[in-house]
Structures are given as C-alpha cells and as structure tokens.
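Chain nomenclature is as follows: A, B, C and D, assigned in order of appearance, with residue numbering initiated at 1 for each chain independently.
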Amino acid sequence: MKKFMNDPADVVAQALAGVAAAHPELRVDVAERFITRAAGPRPGKVGLVSGGGSGHEPLHGGFVGPGMLDAACPGEIFTSPVPDQILAATRAADGGAGVVHVVKNYTGDVMNFQLAAELAADEGISVRTVLVDDDVAVEDSTWTAGRRGTGATLLVEKIAGARAEEGGGLAEVAAIGQEVNTSSGSFAYALRAGTTPAAGRPGFELPEDEIEAGVGIHGEPGRRREPMRPAKDLVRSGLDAILAAKPFPGPVIVLVNGLGGTPLIELYLVFGEVAAYLAQRGVRIARQLVGNYVTSLDMAGMSLTLCQAGDEMIRLWDAPVRTPGLRWGA
Amino acid sequence: MKKFMNDPADVVAQALAGVAAAHPELRVDVAERFITRAAGPRPGKVGLVSGGGSGHEPLHGGFVGPGMLDAACPGEIFTSPVPDQILAATRAADGGAGVVHVVKNYTGDVMNFQLAAELAADEGISVRTVLVDDDVAVEDSTWTAGRRGTGATLLVEKIAGARAEEGGGLAEVAAIGQEVNTSSGSFAYALRAGTTPAAGRPGFELPEDEIEAGVGIHGEPGRRREPMRPAKDLVRSGLDAILAAKPFPGPVIVLVNGLGGTPLIELYLVFGEVAAYLAQRGVRIARQLVGNYVTSLDMAGMSLTLCQAGDEMIRLWDAPVRTPGLRWGA
Amino acid sequence: MDAALAGDWMRAAAAAVAAGAGRLTELDTAIGDGDHGANLHRGFTAVVAALTESPPQTVSEVLVKAGTTLMSRVGGASGPLYGTALRAAGKALPATPTVEPAELAAALHAGLAAVRRLGGAAPGDKTMVDAYAPALDAFETAVAGGAGLGAAAQAAAGAARAGAEATVPMRARKGRASYLGERSIGHQDPGAASTGLFFAALAEVSQAHPRHAD
Amino acid sequence: MDAALAGDWMRAAAAAVAAGAGRLTELDTAIGDGDHGANLHRGFTAVVAALTESPPQTVSEVLVKAGTTLMSRVGGASGPLYGTALRAAGKALPATPTVEPAELAAALHAGLAAVRRLGGAAPGDKTMVDAYAPALDAFETAVAGGAGLGAAAQAAAGAARAGAEATVPMRARKGRASYLGERSIGHQDPGAASTGLFFAALAEVSQAHPRHAD
C-alpha cells in the first residue's frame, strides 16, 4: 500500500488539519473531530448534522456550508463516529430549533447516532433522524440490517439542507429528507477495490476480466462477481435494478458518482449512457450531477442514483449551496 | 485494463456526449470536438481558448464558463488536438476582440496550436498564445523541449479568464496569463501509473515501496524512482524543488492537485503538510485549492503548485467563476 | 474477582487484541470493511490508559469505565456493542470490593441482553452473539456446578472460541456482512472472533491468579 | 513513380502502421505517453479513406493530400510533423503524372527540412529525424549512383531502420521523452521506429512494381 500519509493511525486527524487550513469558512475541531460552519449555528434555524466513517470524501465534511450541512462528524476510516463526537457536533449545530441527523443505514452508524440522539435529548436538544438506505443491491428485510445508505445521502443532505436554510421546521426538514430517501435508488459497480490504511491491502482482489456488482462504499465485496462488460451494458443492468426496485413515474435527479479511483472522463461516458437508456425507458431527467461525491477511498468504480423528484424537490435541489464539495447559485 | 467504456477508440467522443447531456450551459460539438459556452461569444470580449489531450479532466472542458474559458478543444487521450479543431474552437470563441490560446508546453500542443493560430490569422482573428511551462522537475534549456505545463494551467485559465471577463484587452489578458505562468512552479509524485485505453496497461510498473518523483500528466515515468516516504517528507522535497527553482518572496496561491486516482482525504492531508512547511519556510499562503483538477486518467499521485500572487492576481483569482469544474462567487 | 483482577482482565484483553489485530482486520476485510482489529485496538488501548489513570475500586466500576471508554472511542458497530455489554455487566454487579463467580455470571448475562437489545441479533445471525451466548452458557453451567472463576472462565473461553468457529458456515443476517448475502458464508465473523479473545483473556488472568485457579 | 504507386505507398504504410501499432505504442509507453501507435493508425486510416474517396492524379497531390489528412487527424507531435513532411515533399514535386527518383529525392529532402524547421530537432536528439536523415542520405546516394526507385528505397529503408535502432542509446533532447532525461536512454524512439516502417513501405511497393524493382 502506498498512500500520501504519515502514520496510518493519524490519517483522519491529519486530513482534518488540512481541511482546517484549506477552508477558513469552516471550523474544524480536530480534537473533538467535527466540522461546522465557521459562522456557527443561525438562531432559529434547524441544524443538519451528518457523519459516518471517513474515506467517503467529500461526504460529509465537504458538504458543510450554507444550503447544506451545519456540521459533520467524521469517524475513523470506514468506522462510524462515536456518540460523544456526534453529540458535540449536534450541540454545535443547534440553533435552538432542533437538529436533524442524516444517518446512513449501517449498524454502527445507526447505533452511535441513536446513542448520541439520546444524550442530546437529555440536554434538551430535539433530534429527528433521517435514515438513508437507497442501495437496491441489498435485499430489504426486517430480519437483516437492511439496505445500505450510499449515493442518495448527497441528495438528502442537499435537499433537506435547502429546506432548513430557508426556514423549514424540524418536522418538515426531516420529512423532506426522508422523502428524498424513499424516492431514491442506487446501484454500484467496482472495477478495483480500495485500500484502507489500516488493512494495507485491497478489500478484495479481482481478476483482470471481472468486476464486483452491487458493491457498497466500504470496500466490501459486492453481491456477485461478474465478467467485465461494456459501459453501456453495465449502465443498463444497474438502471434496470434500480427501476425494478422502485417506481419512477416522474422526472428524476440523476447522480453518476465516482467511487474515488475512476477518472471523470469515464463518469461522463457513463452519464451519456445513462441519459440514452433512461430516454429509451421513458424516464425524464430533470437534473443531473456527475463527479466524485460519495467515494470509497481509491476504489475504482461508480454508482448510479435515481431520485424521483417533484417540483418542490427540484426547487430545493436548485437552491443555492456553498460548500467545498458542492457549490452553485451562491 | 478495466474501464467504464465501450470501444477504446470511442472514449473521447462518448465522454463528450456525456458532457453535452450533463451540462446544458455548455455547447458541445461532438463532431468537431470542441466545447463552448452555450451563450456563445460575448461581442467585444477577448476569447480564451485552451485544449490539449483528453484524460486530464476537468481540465480543460470542465473550465468552460463565465470567468474562465470560452472554449476548449479536447484531443484524443493524451494527444494534443489537431489544428482544424483548435481553429473551430477559436472561431467559436471570438467575440471580435481576439483570442488568447492557453497552451501547455508539449511539442505536439505547441505545434498544433501554432498551426491553428496561423490559420486563424489568415481568417483575420488575432491570436496571442500563453505558453504554460511550470513543471520544475524538468530542466529548462533551449536545447530541449523545455518544461512541461501542468498544474499552473488551471491558475492561468482562472486568472486570465477573470481578466477577459471584466473586459481586459487582448494584450492584457495574454500578459496576465503569462505572468501567472512565470510566477508558478509545480512538482508531482506518482504512486501508481495511469492506464490509457489505447495502451491497456499502466504506463509504468512500480514496486510496492517505490514511487516516481517528477512525473508529468501523461503517464510517462518521472525524473527518478525513489523509495516511498511519509507524506511530510514528500511534501518537503517537492516544495524544496519548487522554491529552489523560483523565488517566492510574497504570498502564494497553492494548488494541491490530485492526479485522478488519489482520494481527497490524502490530498487534504498533503495540504496540511504543505501549510505547515510553507509556514516554516516563511512563505505566506494567500489562497489555496485542494482537489482533482489537472489529472492524468487514473494515476495515483499528486502535484504541488505555488504561484506568487500580488493583489491584482488575487483579486482576479477571487473573481466569480461558473464552470463545471470550478465555481465560486457566482 | 476484585478490581485488580478485573483490571488485569481488561489489560489482558487489550494485549490479546493488540496481538490479534491483524487477524481480526483480515477477517473483517473478507466480509466487512477491514477495520475491526484497528477499532478494538484503539478502544482497548484507551481502556488501559483510563484504568491506569484512575484505577477504580470495584469490579463494577472497572467494567463500567471500560465500557464507557469503548463506547466513546471505538465507533462502528463493535464500539457501542462492546461498550454497552461492559456497561450493562458492570451496572449489574454489586458495589462490593469483590464479586463471586455467580454474580459475574449474572453480570455477563445482563451484558448479553444489552447487546441483543441494542443490536437486535439472535444466535445464528453470524455476530459476536454467536460467541458470547455459548460462552455465557458454559460459564453459568460451570458456576452452577460449583466451579471456581478460573475453571468457569476456561469453559467459557473454549465455548466462545467454538462459537466463533461455528460462525464460518453461517449466512450473516446482521451487521455489514449481511450485505454479502450468500457470499458471507465460509468466513468467520470478526466480532465473534474478538469475543473469543475477550473470554480467553478472562480465563488467562483468573488462572494466573492462584486464588481463582479453579 | 506515378500516382497509383504513391497511393500504394500510403496504403502499404497504413498496413504497416496497423500491424505495428502495438509495438509503436509500447515504445511510446516506455518513454512517452503511449499513443504513437494509435495516433498513426488513426491518421493513416484516414489517409487511405481520403485517397480512396477521390484518388489524386499526381504523386504531388497524393503526398499533399496524405500530409493534410495526417495534419488534421493525428494531433500530438507526430501529426504536424508527418503532415508537414508529406505536404512539403508533395509541394516540392512537379505536377507531372510520373516523377523520377531524383525528383522524389529532392521532395524527401524538402520534407525533412520542413520537419526540422517545425520541430527544431537535430540528428542525435532521439526523434524521427534520426531515422529520416540517414534514410534520405541513403536514398540520395543510391539515386546519384544510378539506382532505380526500388533499390534506392531499399537502401533508404535499411538506413531508416538502422537509424531508428541507433536511437536506443541516445538521450532525448526533443519531444516528450526529453522529460525523462537520463532515463530516456536504452529505449528506441517511437517516431524513428514509425519512420522506419514508412520507408520500408516505400521499398515494398516499389519493388513489387516490376518497373521500379531495381
């Protein structure tokens, strides 16, 4: 393993120091491990907090700023943050109107956020949780951990963030966030596993002509190993899986997301195929975003996310956002 | 080689189709291979055109938009565009006040742009050329091809683009672009080579404990092979090489640029080290940018660029820019 | 068991985790995200530091402090689960300087209940519960049969290890491995493996202590 | 040489480039950016298509059309260089239906001059010039000694190949390989190698043609 780092154990802390130096518009508490807007919470505004393991950058720290998150708490690499840290971020995001937690559906994230929410409630902070579980590659069942939260997390944070920014109440912000999740489906392919600094070698080894289909964003193998196929075919299969899992009668927001090690030129090629196939399937694209947003360290791969979006969601998607990782209209 | 593509020969055209579908604010001429602002040239505004081989995305097509380029012409992967194509982009960018070509100093780019400039002159379009050659890893000599253009290209395009946007004349726009280049130095490291679709295998093979120092952005090996070292050491050596090549008495703009396969968390860690070491060397950072901007397909690596920037350059750096790859203040 | 022995237990667990971190990470790389070794190593290092800084006076306090530390330092799934287990176990103990094996059995019982409440996993779901539950059974049976701490812990450690090994053919229904579906079969659950280390550490320290050796 | 033979030359060059693209790319991967094979393949495919679409009537026109096509389809360093070489050579020829070996020698001379003007490379800089210059020398010498097109082309092809091989120990001073400094030593220059193919194609077609065979 070769990475730009010093000691594998210090990667997160030292990267946070870099974020602090690079973004004066953010406040980074390197010791307590959370990132907030430098301006602090706006009184009366609902706070939006997210977090999870590190290694998914720009998610979540890169989405702190006007129009999106108030605070992010990054855990160790691929390890959910701890309750104390989430609590500290929640306090820092609270403008008195309560805080919404955006939580990706992983056992660790769910438990740590739940414990933090209980601690916050003890301090008198109202917390609502939006659980993101958009990955259609995983079967949904009450007997299992359920579906993973992946690409739709960006959409939830953007759209709920816009609602919070314009003054939405706690219930409203949580409701639109949950609606975005319910309206979304994602499917991912990996061509090459990423490498965590702690493990020092790729999460799985793939032969030159095989890929993992239905991967998550934590370096774990996918649902099945498949022969490599042209981009056009992969896009069709991925979209078929999403379209089979949920109805998409109206226009959609599309996210073609790189997992960290795939160059932009390939992501654009993929988006071209997505646009062509959705046209063929009669699904209208209202908005689109192409780039590396919800990554898995240096995994070579991409995820496709569709989100069924009505006028209100599109209005909120278009609303100004000013963060290191996503910025428009402001 | 596994890439999200169909036929290796069609990657550039199909990626351009994706760019066209993803960015209604751009006009993509897939047949003639150039990208312009959808709004077309603004009469009386100096046009800014750049281009080069594909595989460096978001450079250059992702930098077309208000405050930056008027047109970009992407060649085949790592192959400079052809004169006809550059001419077509130049025509499309011309608002009657002349056009500045931003050209990275590679034999192919220089010759093709030169031929295009002659053709444009024949049509009555005044063209000035800004040659970018910031890579201090390469010895500068009149007997060789000289230094390569790398990370500073982004700074030249941003700053000259801002000057053009606010109404600078042809000579002024070219002059500030050239000044940015003269004021800049870059140095890059690769941990793993990228793979071109045509070659189908990495440009070079590196053992697990070695890196290439002084690499360019075309997959070629660097100036020398070195043992892998902690990020702190690599940053010091890279900055030492830049600081030895040019004087940086005043504040600088810093670009920590990923080469395509290196995750953001490592780039931030690197920026933290850069900030610490520059402070130690007494170099003040006025502005900074961290991310994947001038890439080399999926090469794992990063480049450091310093640009000595006075108040005027900083004002132009801060000016609004609205492109797919760089966006602020607008 | 007294507070000193409980502290030794935590230190032995920390040493076992440090030595076994590579293997735990390897197991977690196969069917998870490759951080279980690093997670527990970070957590138990903090536990040892916390216990050294202000050594508690009762077994109960040792366990609560260890659990609280894990909870606030580990993260992931294993942090809250191990944390809640130790906190619940500690809180179930009397605040006396020493505790009897039967009291410890009841405490471990409370710990398992807390894990199952928080994580929702049942035996057979391919989680730490599959090592913890048989270990607790063995411990309780031994104690009921009159065994001392050392012998009971020895039985528990053996059962935990066997339970961990028995997770290999299971298909995961909880935690990260569940995303793999069928493909989770054939690998040992990392959390079950670390639970094995945890009970082995108890056996080790209580047998080293002459008073508890059988 | 007549227009038909010149067309055959370009088609033979295209075939040689198609067959040798892998090797050219490999050479360019070692000390360049790995596109030389693909570049020339794309270019010569376009040349063949252009010549087929509207076959020119003179050798001059064949070379100018081929050069213009390469210029507008190849890109990179080799596109303008090969393009300018063929265009300059074509323009130096008389507009007659056939051209004599001496006229072709003068045309090839003009082509090399154009390459050196545009690219600024001298012999020894490790570029296509290191194959082109000795090939031209050999061609001129053979023609001056009374050789026919076939024999002169054969001599040129041998010299071009030898010249390309002689680039191996050189340190590059022009083009992309120059960035490697010392590390460019020990590899053959891809452009010199393709120049070898280009002259070999000339030898092949002129020998196949009975009238030019020696």
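Methods note: a residue touches a chain if its C-beta (ideal position, glycine included) is under 8 Å from a C-beta of that chain, and two chains touch if they have at least 3 such contacts.
Since the structure is predicted, the reported quantities are computational estimates derived from the model, not experimental observations.
In terms of the stated touch criterion, the partners common to subunit B and subunit C are A, listed by label.
With centres taken as mean Cα positions, subunit D sits 75 Å from subunit C.
Taking the mean of the C-alpha atoms as each chain's centre, subunit A and subunit C sit 32 Å apart. Inter-chain centre distance (subunit A to subunit D, centres taken as mean C-alpha positions): 54 Å. Multi-chain contact residues of subunit C, defined as those touching 2 or more other chains: none present.
Contact of a single residue of subunit B with at least two other chains is seen at positions 77.
Chain contacts in this assembly form an open path, with each chain touching only its neighbours along a single line. All chain pairs that touch, listed by label, are A-B, A-C, B-D. Residues 1-7, 11-12, 14-22, 54-55, 57-58, 62, 77, 191-192, 194, 206, 208-209, 211, 228, 230-232, 234, 260-273, 275, 288, 290, 292, 295, 297-298, 300, 302, 327-328 of subunit B touch subunit A in their complex.
Of all residues in subunit A, only 9, 53, 75-84, 106-108, 111-112, 115, 137-139, 143-145, 148, 196, 198-199, 201, 203, 216, 218-221, 223-224 touch subunit C in the complex they form.
Subunit C contributes residues 25-26, 29, 31-35, 37-39, 42, 71-81, 118-119, 173-176, 178-181, 183 to its touches with subunit A in the complex.
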